[in-house]
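Chain nomenclature is as follows: A, B, C, D, E and F, assigned in order of appearance, with residue numbering initiated at 1 for each chain independently.
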Amino acid sequence: MAELMSSGIELMFLGMGIVFLFLTMLVFAINLMSALVQRFFPETPAASLSTPTGVSSLDKSTVAAIMAAVHQYRNKP
Amino acid sequence: MAELMSSGIELMFLGMGIVFLFLTMLVFAINLMSALVQRFFPETPAASLSTPTGVSSLDKSTVAAIMAAVHQYRNKP
Amino acid sequence: MAELMSSGIELMFLGMGIVFLFLTMLVFAINLMSALVQRFFPETPAASLSTPTGVSSLDKSTVAAIMAAVHQYRNKP
Amino acid sequence: MENLVSLWQSTGLYNFTGGQALMMLVGFLLLYLAIKKGFEPLLLLPIGFGAILSNIPVAGIAEEGGLLYYLYFGIKAGIFPLLIFMGVGAMTDFGPMLANPKTLLLGAAAQFGIFASLIGALALNVVPGLEFTLKDAAAIGIIGGADGPTAIYVASKLSPDLLGAIAVAAYSYMALVPLIQPPIMRALTTEAERKIEMQQMRSVSKAEKIVFPLMLLLLSILLLPSATPLIGMFALGNLMNACGVVERLSQTAQNELINIVTIFLGLSVGSKLSANAFLQIETLGILALGACAFAIGTAAGVIMAKIMNRFSDTPINPLIGAAGVSAVPMAARVANKLGLESNPHNFLLMHAMGPNVAGVIGSAVAAGVLLSLIK
Amino acid sequence: MENLVSLWQSTGLYNFTGGQALMMLVGFLLLYLAIKKGFEPLLLLPIGFGAILSNIPVAGIAEEGGLLYYLYFGIKAGIFPLLIFMGVGAMTDFGPMLANPKTLLLGAAAQFGIFASLIGALALNVVPGLEFTLKDAAAIGIIGGADGPTAIYVASKLSPDLLGAIAVAAYSYMALVPLIQPPIMRALTTEAERKIEMQQMRSVSKAEKIVFPLMLLLLSILLLPSATPLIGMFALGNLMNACGVVERLSQTAQNELINIVTIFLGLSVGSKLSANAFLQIETLGILALGACAFAIGTAAGVIMAKIMNRFSDTPINPLIGAAGVSAVPMAARVANKLGLESNPHNFLLMHAMGPNVAGVIGSAVAAGVLLSLIK
Amino acid sequence: MENLVSLWQSTGLYNFTGGQALMMLVGFLLLYLAIKKGFEPLLLLPIGFGAILSNIPVAGIAEEGGLLYYLYFGIKAGIFPLLIFMGVGAMTDFGPMLANPKTLLLGAAAQFGIFASLIGALALNVVPGLEFTLKDAAAIGIIGGADGPTAIYVASKLSPDLLGAIAVAAYSYMALVPLIQPPIMRALTTEAERKIEMQQMRSVSKAEKIVFPLMLLLLSILLLPSATPLIGMFALGNLMNACGVVERLSQTAQNELINIVTIFLGLSVGSKLSANAFLQIETLGILALGACAFAIGTAAGVIMAKIMNRFSDTPINPLIGAAGVSAVPMAARVANKLGLESNPHNFLLMHAMGPNVAGVIGSAVAAGVLLSLIK
């Protein structure tokens, strides 16, 4: 029982240690990577990634069409 | 052979009996359930269930836009 | 080794032979089939096959709506 | 040269048996019915194709190591029919049935087709060469349930050898419902009865639609656990759709998942259309009994509706009884069509949908009875 | 007559055990929570339904030859949780985290909930009747990871008997995040801290988003191979989405494929909710420990954020530390909501998404540690 | 402390072998080619990722109990390539080929690449260290079929150890078609030939498109049953699309189903990229022979087109012969592009689609020959 508990406590320290070690290394790696990417592959911001996919771009046009149509419809001369 | 046949006939009576018993109980259960639901959860009719899903509501707007646009188009001043 | 090679060469002649035989027979079969189909099931050209599915026909209408709307929008009186 | 000979000996021409050739013709016939005649193409096209593929000599596509051999596991384990039943459940709207619950009895009556053709199958044993066991007879009878996945599920458990013929008969007759039912319906009803207009139905609340599948499942658990795989998956699909909170699961269940499983199920059913299982006198018996099952079920439904019309305070058009066989939604459409012929203002479609979906429940219950009583 | 008796003896009523009845109630309770309370319905609805189906007497749906028996193989082999993780990866946008990488440390701190409840589980062994092994304790602790597929993956490897209870606890508490977290967050922060506004984030380039999942995988390969099934499939999904050249695979991974697998996974998890596995005092322990795990993880995340705020040159609102438990995206929304209460112009959502997705990585790493150290 | 040591001994760093590291580099190279160079990303991305995952030390993702181990069953059983072939069939329009059937001969001629490289593989046995059996040589030759699922299917049957290298070579060279083909096409044709305009094609009726896949299957059944798994599934997909009555099955086959299977197939192929199978001199041989196969196939197609042009009453532009290797639709696009260079009004795309899809049939036939003659 006490042995089990001490294994558990060791596991806790080891585990949290590794989690922090891993994510800290990841922080450094990301900073390095971002610096490298920004230096060697300077891109315009990833607009393309957050832009809608084919489907939603259709939706956008649809929405635009709807809005235009509605606008027209309301302002009928 | 005759034995097989008599098993079959017994199965028929038993089977139809259970089918009717089951569905008759279901009739009573539905009536009870509907009464309870209507008393304790009085809702507006399940409009929401027969309403279109996201996709078809888009279609609806699309259709509206098309109709409006076509209408406009035909009535061009 | 030499035996292996001769098996390979035999395989090559046999293989190319069968490929040509098969596809040549297919040519004749197609010609025959087309003649039969055109005689016994004279259809209008398979327009329906190359026409868009439900989805893209929606897109077409959408596009039409957009174009109409945009057109209207630009020519606003 | 040796290679040429071995190649010739590996051709289909060299290896064809008469049975395989005939079964391939059956496969092409099914494709013809599916494509040209519009007979349940979603199922009969893959079934027909599976029949062709599995009867190709030498290739062994339905034998160990072949594609159809692996796919068939999904039927043997009951996975495919149950997943299809889940998708069908998600597509089913119990609203019309909940609005008029007594139409459930029509769905019960129409199951008489199942048991009558079970007896018929046993009676056919007097024909020399036919030897249907009780299991076979039950699997044949279930054709009368007019419900594909239920028939396949039951046949795969009770009589796998007859599975191919039973599935083909079930789907073919479902496609033939517009031909089989009308004469029977006309013969059993008077013009005046066919003219009967039914009261408009109340609308059904969302809560009722959510509770119903659970109640159905509960009843089945208490009374007939052997029907719970079928009714359970059906109820799951229906609940996913009715509850409205798992829309993406419901959509997938009634679209991509059911489509994928339909392709696999059809091919695997087709792989059971082998010469030595199908080219038997039994198959003729199955086809004949299947037609009877549909006819008897239709008649039973109509007669039950006539009886109910006599005792009910609200009028019931006997035509909707025919929809109790299930064969969703064709049977309901047939009832609607015949109603319109007699009375152009009489739209029975919604009224017929009640017994129609009740028929699905009814045949799942009947399946449960057969599975639990026949060992 | 004999048949009638045998039929009665085959009913659920005749065969029910108290345990099955209770587990069925648990199943209905889960359905109620899913549908009526909106508790993670995508998972809890199939899990609840699976619990009902698998506890039906006689039917044996979760026993050899039954549907849920076959589906469970997908969990036993780890296939389902990994495919879900791939889909989640495809849905995850690492942009906010890459813009502010130090928020990864918040995702690390919040994993303290995992290890604290592991210790708690071992401590509970003083209660007579409870006997959690180290494997059990680890599987329970992983509830604190607040990530469903990770919890199911780890539990299926370390403690399959507790899988049902652990999955139910994990998804229930994820649904309860908006109730569990706020009091802890308020208690540990001052009004002034909650008012802190954070700097607008830089935008992240597409190249960074493509390289990141590969870098994450590489680090995990070098340091913690036992975490690579989880992190690998997550990175695959993320890469498919980020790279933009396999859009159709990415869409399928985050829609149809994840939906199909979710239905199967939910049903199979539910099939582990059997009376003799769930109706144990252990389950109460698991539920209690799970709640502690979430609470402790939340507290650890907030405290870490307070510490970082002290030493950072740019301000860090401690509320976003709570999002480090993962429970994507609810925990981030909770942080946003509390931020808005104190400062109506303070939109923390994007800032909280960093620690939120970092929490997913953190718990996958913690899972890797547990899987590699506990034999 | 003990734990720390055991943890260190469980890291990838501690356990890496040189071969695994190299294969991981190969995996990253494939990802680079897929994402950055656009080399068949739908396949090479999952293959590359699979290569990385399966070479992670300790994790054992491709070993018994790991995800890729289970997925690989779909290749071993031939399920994945056949399902992909069904989807490809559903995407294929045989219209241009039916309008001009003699272009089928171009698809036949281009298969010479398969057999020439088969001979080449046997000839390479003079190199010390290389020992290709006839099965190996056939599996290598099939790269020249320029058709992914066919290559994977044949390699999985004849030479599973070479599967990884063969699949990688096949998809890489398909991506390289725009580089490999033009010089050969230019060298073998005169400017005048490249200027040849072809007559406009007749339109093809729906009935012809429905009958064709069945006729193709029938011919294959009669002559070459060993090709029927491939040709059968291809014909099934094509029929589902052409007949128009099972639109929902066809759509699923060419979208969600093929996407799901592509992910699984790619990962499983990648799992065959292990150091001791790939880091062999054989792999260099395979890569060299694959390139030859494409080149020879292209040349054979062009020469055949030149011969046909001489004897045909309607003009045939020899460029379209190159499309006979298949590699749909890149090879047809290459033919179109070269045609436009010589004659800006010469659109060869539709004319090249005929030989292009004929090439798929041609390589399936060649695959059938190899599978039936080599035991």
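Descriptive notes on the structure:
Going forward, a residue touches a chain if its C-beta (ideal position, glycine included) is under 8 Å from a C-beta of that chain, and two chains touch if they have at least 3 such contacts.
In this text the structure is predicted, and so the values were computed from the model without any measurement.
Should one ask which of B-E and E-F has more C-beta pairs in contact, the pair is E-F.
Ranking every chain by how far its Cα centroid lies from the centroid of subunit F, the top place goes to B. Centre-to-centre, using mean CA coordinates, subunit B is 48 Å away from subunit F. Averaging Cα coordinates per chain places subunit A and subunit E 19 Å apart.
For the pair subunit D and subunit E, the distance between C-alpha centroids works out to 41 Å. Each of the following residues of subunit B touches two or more other chains: 11, 14, 18, 62, 65-66, 68-69, 72, 77. Across the assembly, subunit F contributes 3, 7, 223-224, 251, 256, 369, 373 as residues in contact with two or more other chains.
Here subunit E touches subunit A in the complex through residues 93, 95, 98, 101-102, 104-105, 107-109, 111-112, 114-116, 118-119, 122-123, 125-126, 133-134, 137-138, 203-209, 211-212, 215-216, 219-220, 223-224, 242, 244, 247, 251, 358, 361-362, 365-366, 369-370, 373-374, going by the rule given at the top. Interface residues of subunit B, counted against subunit E in their complex, comprise 10-11, 14, 18. Put simply, subunit E touches subunit B in their complex at residues 3-4, 7. Residues of subunit A touching subunit E in their complex: 1, 4-5, 7-9, 11-12, 14-16, 18-27, 29-31, 33-34, 37-38, 41, 43-50, 53-54.
Of all the residues in subunit E, the ones that touch subunit F in their complex are 77-79, 82, 86, 210, 214, 217, 221-226, 228-229, 232-233, 236, 239-240, 243, 245-246, 248-249, 251-253, 256-257, 369, 372-373.
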